[in-house]
Amino acid sequence: MHFASDNTAGASPKIAEALIAANSGTAAAYGNDDLTAAVERRLSAVFERDVAAFLVATGTAANALSIAALSPAWGAVFCHRESHLMIDECGAPEFYSGAKLVGIGGDCGKLTPAAVAATFDEFLPGFVHQVQPAVLSLTQATEAGTVYSASEIAALVDSVRPRGLAVHMDGARFANAVAALGVAPADITWRAGVDALSLGATKNGAFLAEAVIFFDKARAENFGYLRKRAGQLISKGRFVAAQFDAWLTDDHWLDLARHANAMAARLGAGIAAAPNARLACPVEANEVFAILPAALDKRLRGAGAAYHPWAGHGLSSTETAADEVLVRLVASFATTADDVDQFIALLNEPG
Amino acid sequence: MHFASDNTAGASPKIAEALIAANSGTAAAYGNDDLTAAVERRLSAVFERDVAAFLVATGTAANALSIAALSPAWGAVFCHRESHLMIDECGAPEFYSGAKLVGIGGDCGKLTPAAVAATFDEFLPGFVHQVQPAVLSLTQATEAGTVYSASEIAALVDSVRPRGLAVHMDGARFANAVAALGVAPADITWRAGVDALSLGATKNGAFLAEAVIFFDKARAENFGYLRKRAGQLISKGRFVAAQFDAWLTDDHWLDLARHANAMAARLGAGIAAAPNARLACPVEANEVFAILPAALDKRLRGAGAAYHPWAGHGLSSTETAADEVLVRLVASFATTADDVDQFIALLNEPG
Amino acid sequence: MHFASDNTAGASPKIAEALIAANSGTAAAYGNDDLTAAVERRLSAVFERDVAAFLVATGTAANALSIAALSPAWGAVFCHRESHLMIDECGAPEFYSGAKLVGIGGDCGKLTPAAVAATFDEFLPGFVHQVQPAVLSLTQATEAGTVYSASEIAALVDSVRPRGLAVHMDGARFANAVAALGVAPADITWRAGVDALSLGATKNGAFLAEAVIFFDKARAENFGYLRKRAGQLISKGRFVAAQFDAWLTDDHWLDLARHANAMAARLGAGIAAAPNARLACPVEANEVFAILPAALDKRLRGAGAAYHPWAGHGLSSTETAADEVLVRLVASFATTADDVDQFIALLNEPG
Amino acid sequence: MHFASDNTAGASPKIAEALIAANSGTAAAYGNDDLTAAVERRLSAVFERDVAAFLVATGTAANALSIAALSPAWGAVFCHRESHLMIDECGAPEFYSGAKLVGIGGDCGKLTPAAVAATFDEFLPGFVHQVQPAVLSLTQATEAGTVYSASEIAALVDSVRPRGLAVHMDGARFANAVAALGVAPADITWRAGVDALSLGATKNGAFLAEAVIFFDKARAENFGYLRKRAGQLISKGRFVAAQFDAWLTDDHWLDLARHANAMAARLGAGIAAAPNARLACPVEANEVFAILPAALDKRLRGAGAAYHPWAGHGLSSTETAADEVLVRLVASFATTADDVDQFIALLNEPG
C-alpha cells in the first residue's frame, strides 16, 4: 500500500534492460553518442515534428532551464499558484532565469483563460517599473492530478498570445496526461501552441531521465550553453538516452502510464464509493487527492498505508473540516491492483 | 585503441550489478533512502571522519556547488589557469556562486605556493573595488595528469590560510590520485586542510555518480537548499547511491583507478621510449600528454587510434615545434593492455 | 495642483545650498570623505545608536541591497502584496539577492501578525524543496499612505522572530512616518526589532540621496562589497553626503515631512468632506488615496490637476463601483496650501 | 598638489549652476522629464546619429549594464587585463550580465588586434563546454592614460567582427580621449564599429552623471528594464540630466577635458625632464604614470603631494627596480598650472 509518490518506485524491467544493454564498448561523451541521436529521432516521431531535445538529470532542471530559455531576466512567468515551479523547486526557475514567477489560482490545479486575463491587468505593458509577462507555464498532468484537454490548452495559449508570451509545459507527468486523454502528443503541445516541454520519464518508469523539448528548433539555438552552464550536461549521456529510448519504444511509456492511471482510477473509485471519504478533485491521471476523517487517516497509516498529507492551498474549492485531512495518493507503473484493493478494503472496514 | 576520454567507457560490471540490485521495491525519494545513508557512512569510513556527502548528477555541478558553498558572491576563487573549473564548465562555477575565478599558471597543471602568493599581491584586503580572495581550488589528479603529494597540498593550503581562504578540491579523478599516491584519502584532503571535495565516480567506472563532500559538517548546513535550487537533487536518489555504494565497497574504486593508472603508465612508458614522440608531462595518474610529429599523429588516427588534440596553454614548459602536436590520451578502468600495446607498436612502426 | 508624486518636486533650498557649499576643494572619493563620516555620526545620533550607514543612488537599490544583505539566495522575503519591493522594482530585490518575494495581503498596505503567521504555514522548516522564510520587509509609511505604530511593528517582529527572520524596513517615506507618529526614530526601528532600514531622502526634499542603515554593525561587515558589486558606490560621495547632512541638520527632514503630511491631511479632509468623493484609506502620512466618480476625475484633470490612477489590488477593502476610479494624490515638502485649496474648491464645484 | 584622482575634484561652476537652475517647479520623474529628452537630443547631435541614451548613477553601473545588454550569460567579454571592468568593479559586470571576463595583456593599457586574435584561439566556436566570445570592451582613454586612435579602434573592431562580437567602450574618460585626439566623437565610436558607450561626466566636472549610449537603438529596446532591475533608474532624473545638459553645451565637456589633458601634459613633461624620474607610459590624456625612486616618492608625499601608488601588472613593459615605485598622477578640470609647477619644482629639488 505504497502511494507516497511515483518517485519511490524503481525503473521498469525494459528500461533496466536497456540501460545494461547500453553498457558495452565506448561511446562519445556529452550527448554526442548514437543513442542520444536516436532519442531525438524517436521524440521527433512521437511529436510528429522535427524537435530539439536536451536530456537532463532532474525535472527541476528541465523546468528551470526551459524558463531560462523562454524568459528574459526581467520577465514574469505566469503559473499556477500551487505548481511545482512555484512552490517545490526552492527557487530554481528564478535562479536559472532571473525571471519572477507570478502565481495564479484555479481549482484542482488548473488555470483558466479568465484568471490569466485578470493577471495581465496587474502588468502595464512597457512600464519599466514592473517585470513584463513573458511565459505561461502549464502543468500537464496538473499538480492536482487533473488533465487539460487539447482545447483547454489552446484556449489558454490564445489568452496569452496577443501579449506575446511563450508557453511552457511542465510535463513531469506528461505520459499520464497523454494516456488519459488518448490524444496525439502533438495535440496537447505544439499544435495547441506550446513552445517548450519538460518531459519527465523518471516518475514513469525510468531511473533518471528528463528532457527539455523545443518544438521550434530556433528557440534551442543556444540552449546547449545554458544546459552546460547549469551543470546539466551529462558526461556519459548514452545512459540517460538508453532509458528514453526504451521508454519510447513500442509505446512503453504509454503502457506504463496507462497502468498507473488505471490504478489511480481504481483507487479513486474506491474512495468515492467509501462512506467516510471523498475525493477533493477528479482523478484524471495517476494521482488521487482525498479528504479523510483524521481518525481514518490514522488508522490507515497504522495499517501500513503510505501517502502524504497535502497542504492544498487553492487546490480545490472543497474545504476540509476541522477533523479532516487532505491527502495525496499516487499510483505508479509498479502499483498493483492488490495494493489498491487492500487499501480500499481497509478504508471500508468499520473504524 | 580508444583513449579519447574516461567518459567514453561504460560502467564496471560490479556497479552495473549494484544498480540493478537496487531496482526492487520502493524507496524514499530525494536522498532519504537507506542506500544514500549507507553511502554517507561508507564515505565517512573512507575519509576517517564524519563527513557530509551530497550526491549530484555531474562533475560540473559538484564543482559549481562547492564553490557556491565556500565563496561569497564577491569572492575570488584561485584556480589553475587550465583547470576544468576555469575553462571547461561554460561559467557554471561563476553562475552558481557569483564569484570570480582567477587563473594562475603552473607547469603541468600544478599550482605552487609561490604562484599563489604572487596572485595575492593583486588583491588588496578590504578594498571594496575588488573581489576578495575566498577559495583556493585544487584539481587532484590535475588536468595534466599529474598528482599533488600530501605535502604539496599542505603547503598550498598553508599559503592561503593566513588570508582565510577555504580550500576546494576538484576530485573528478580523485580515485586515480589516491591510487597513484598510495595514501589515505584523508591525507590529501582534510588532514592537509581541504574543506570540500568534488568526488567523481563517473570517470572511474560509474554510470553517473558525483558527490560533494564537506569535511566539516557545519559548512554543509544549508547546502541542501543550494543543491535543490540548482536542480541537482535527484528524485530516485537510491540509484546514484547504489553506484557509489558498489564503487566504495572492498576498494573497488581503487582497483578501477589502479588499473587505469597502470594502463596510462604503460602508454607513457611506450611513448617515452619511442624515437619520435615524447611526453609533455610526467604520467602520474590515468592521463598521458604527449608531443607527436604531425605526420605521426595523422598516421595513428588513420590506423584507428582515438584521442584528443590539446590546447595546452601553460600545460607545460615543453614547447611544441611547428610540425608537432600536443595530444591527450586517457586510460580508463576498461582500457586493455592489448589496446595500449597495439598503439605503441603502431607508434614504433616505420613511418 | 501637482499631486502626481513626491518625486516630481525638486530639492529644498537648504539641501541645494548644502550641495553647492560642498562643491569646493578636493575630497576623498568613494565615501571616504569627511562629510560621509559626518552623516554616519548624524544618523547614529538620530537613531540613538552606533549605526552603519551606506549611501546609494536609488531607493530600489537601497531595498534590493538590504534584502541581499539579510537573505540567503534560497530565502523567502515576506512583504506586502502591494509593496514597492513586490511590484515596482522590476525584480531588483530578487536580482540582487536571489531570494523569492512572498506577497501577503492586508488592508491599506499594512501587514498583520495573523496574516504573516498564516503565510508561515506554507513553508515547512528544513524542507529543501522550498525556499525558507528569511526576511520580513515592512514599508513605513506604507504604499497606501498609512503608518505602522511602534507597537504594531513590534508585534509583527514578534510574529517572525521565533522563526529567525531578519526584519527590513522600506523607509522611502520614513521621514513622513516619524513626523506622523511623533516618535523617536529608534522606536519604530531597532527598538522594535528592525535590522536594516532603507532610508530615503529623495522623496522628501533631496536631489538624490538614499541610504541603507544597519542597526547591528556586524550585519554590515561585508556590505561594502555588495554595494560596489551592484554599481552603487558613488565616486564623488561627498555630494550625496552633503544632502543627507543638511537633511538631518536641525530636524530639517522632519520639518519637510511635517509640511508634506499637513498638506496631505488638508487634502484628505477636503476629500472626506466633499459630497462626491471618499477616502479609500486613512490619510496618515503624505499620500491620499481617494475614490472619485469617473466624471469628476475627468473634470479635475481637465482643470489641470495632476495625479495618478491607482491599481489598488488589495489596497483596501473599499471596492470601487463601475463608474468610479481609485486615485493617488501625493503631497511633498513643496506642496502649498493654495494648491490644495484650489483642488478642493474644484472638487466641490457643481459638476 | 592634489593628483590622487579626477574623482576628488568637485563639479565645474557651469554644471553647479545648471543643477540649481533645474531645481524649480515640478518635473516628471524617472527620466520622463524635458531635460532628459534634451540630453538625448544633445548626445545625438554630438554623435551625429540618433542615439539611445540612458542616464545612470555610476561608471560601474554604466559598464556592467552595457555588458549585460551586449552579452548572453554564457558569453566571454574580452577586455584588457588591467581594465577597470576587470579589476576595479568587484565583479559588477559579471553580476549584471552573468558573462565571464577574459583579460588580455597589452602595453600601457592598450589591446592589439594580434593579442585579441590570439585569445580567440582559446575558444572553440560552438563548443558548449566553454563560454563563447561575445563582447570586446575597450577603454578610451585607457586605464594607463593612453588613447586609441580611430584607426586603432577600427582595427580592433575588425579583428572581432568575423566572430560576431559586439563592441563596448568604457568611456569614463571619453571626453579626455576626444579632446586629445581632436576627432569627432563619432569617429572613435560608431563609425569605428562601437555598439555601446559608457559615457562618464563625473570624472570630468560633474557631480554624478554617467550614461550608457547605444548607437543602434534596436540594441536598447529592453534596456530600460535592465536599468530599473539594477536599481539604476534615478527618480528625480532631471538633476542628472541637467548636469549632462550643461556639460554638453558649447563644448564645455571638451573645454574641461582639454584643460585636464594640458595639466597632465605639463606634469608629464616636467617628469620626463627631471633627472631622477621617468614616465612609464606616454601621457596622452589626463593621467600620468611615473616611476620614481622610493626616496623621492617619500619626499614628495612628505611635502604634501597626493597621488596613488599603482600596481601596474602589465601596465607597461617598463620594469621598476627594487628601490623604485610606480605611481599614478591624475589631472582634472580643477588642476592648476601652479599645482603642477610646484610639484615639478619639488621633484627637481636636491634630495
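First chain written, first letter: the chains are A, B, C and D, and each begins at residue 1.
The definition used in the following text is that contacts are C-beta pairs under 8 Å (C-beta built on N, C-alpha and C of every residue); 3 or more make two chains touch, one makes a residue touch a chain.
Just so we're clear, the structure is a prediction, and the values are computed from it rather than from any experiment.
K.L.:
Hey, which pair has more contacts between C-betas, B-C or C-D?
P.N.:
C-D
K.L.:
In terms of CA centroid distance, which chain is the most far removed from chain B?
P.N.:
C
K.L.:
So how far apart, in whole Å, are chain B and chain C when each is placed at the average of its C-alpha atoms?
P.N.:
Using C-alpha averages as centres, the distance is 51 Å.
K.L.:
Please report how many Å separate the Cα centroid of chain C from that of chain D, as a whole number.
P.N.:
Going by mean C-alpha positions, chain C sits 35 Å from chain D.
K.L.:
What parts of chain A, by residue number, touch at least two of the other chains?
P.N.:
Where chain A meets two or more other chains at a single residue, that happens at 30, 73-74, 89-91, 95, 128-129, 131, 225, 228-229, 233.
K.L.:
Would you pull the chain C residues touching chain B in the complex into a rising list?
P.N.:
Contact set of chain C toward chain B: 30, 72-74, 128-129, 131-132, 222, 224-229, 233.
K.L.:
Inside the complex, what are the residues of chain C that reach chain A?
P.N.:
My answer: residues 73-74, 87-91, 94-95, 98-101, 121-122, 128-131, 311, 313.
K.L.:
Using the touch definition up top, name the residues of chain C that touch chain D in the complex.
P.N.:
2, 4-5, 7-11, 16, 19-20, 22-30, 56-62, 64-65, 89-92, 95-96, 202-203, 207-208, 225, 228-236, 239-240, 334
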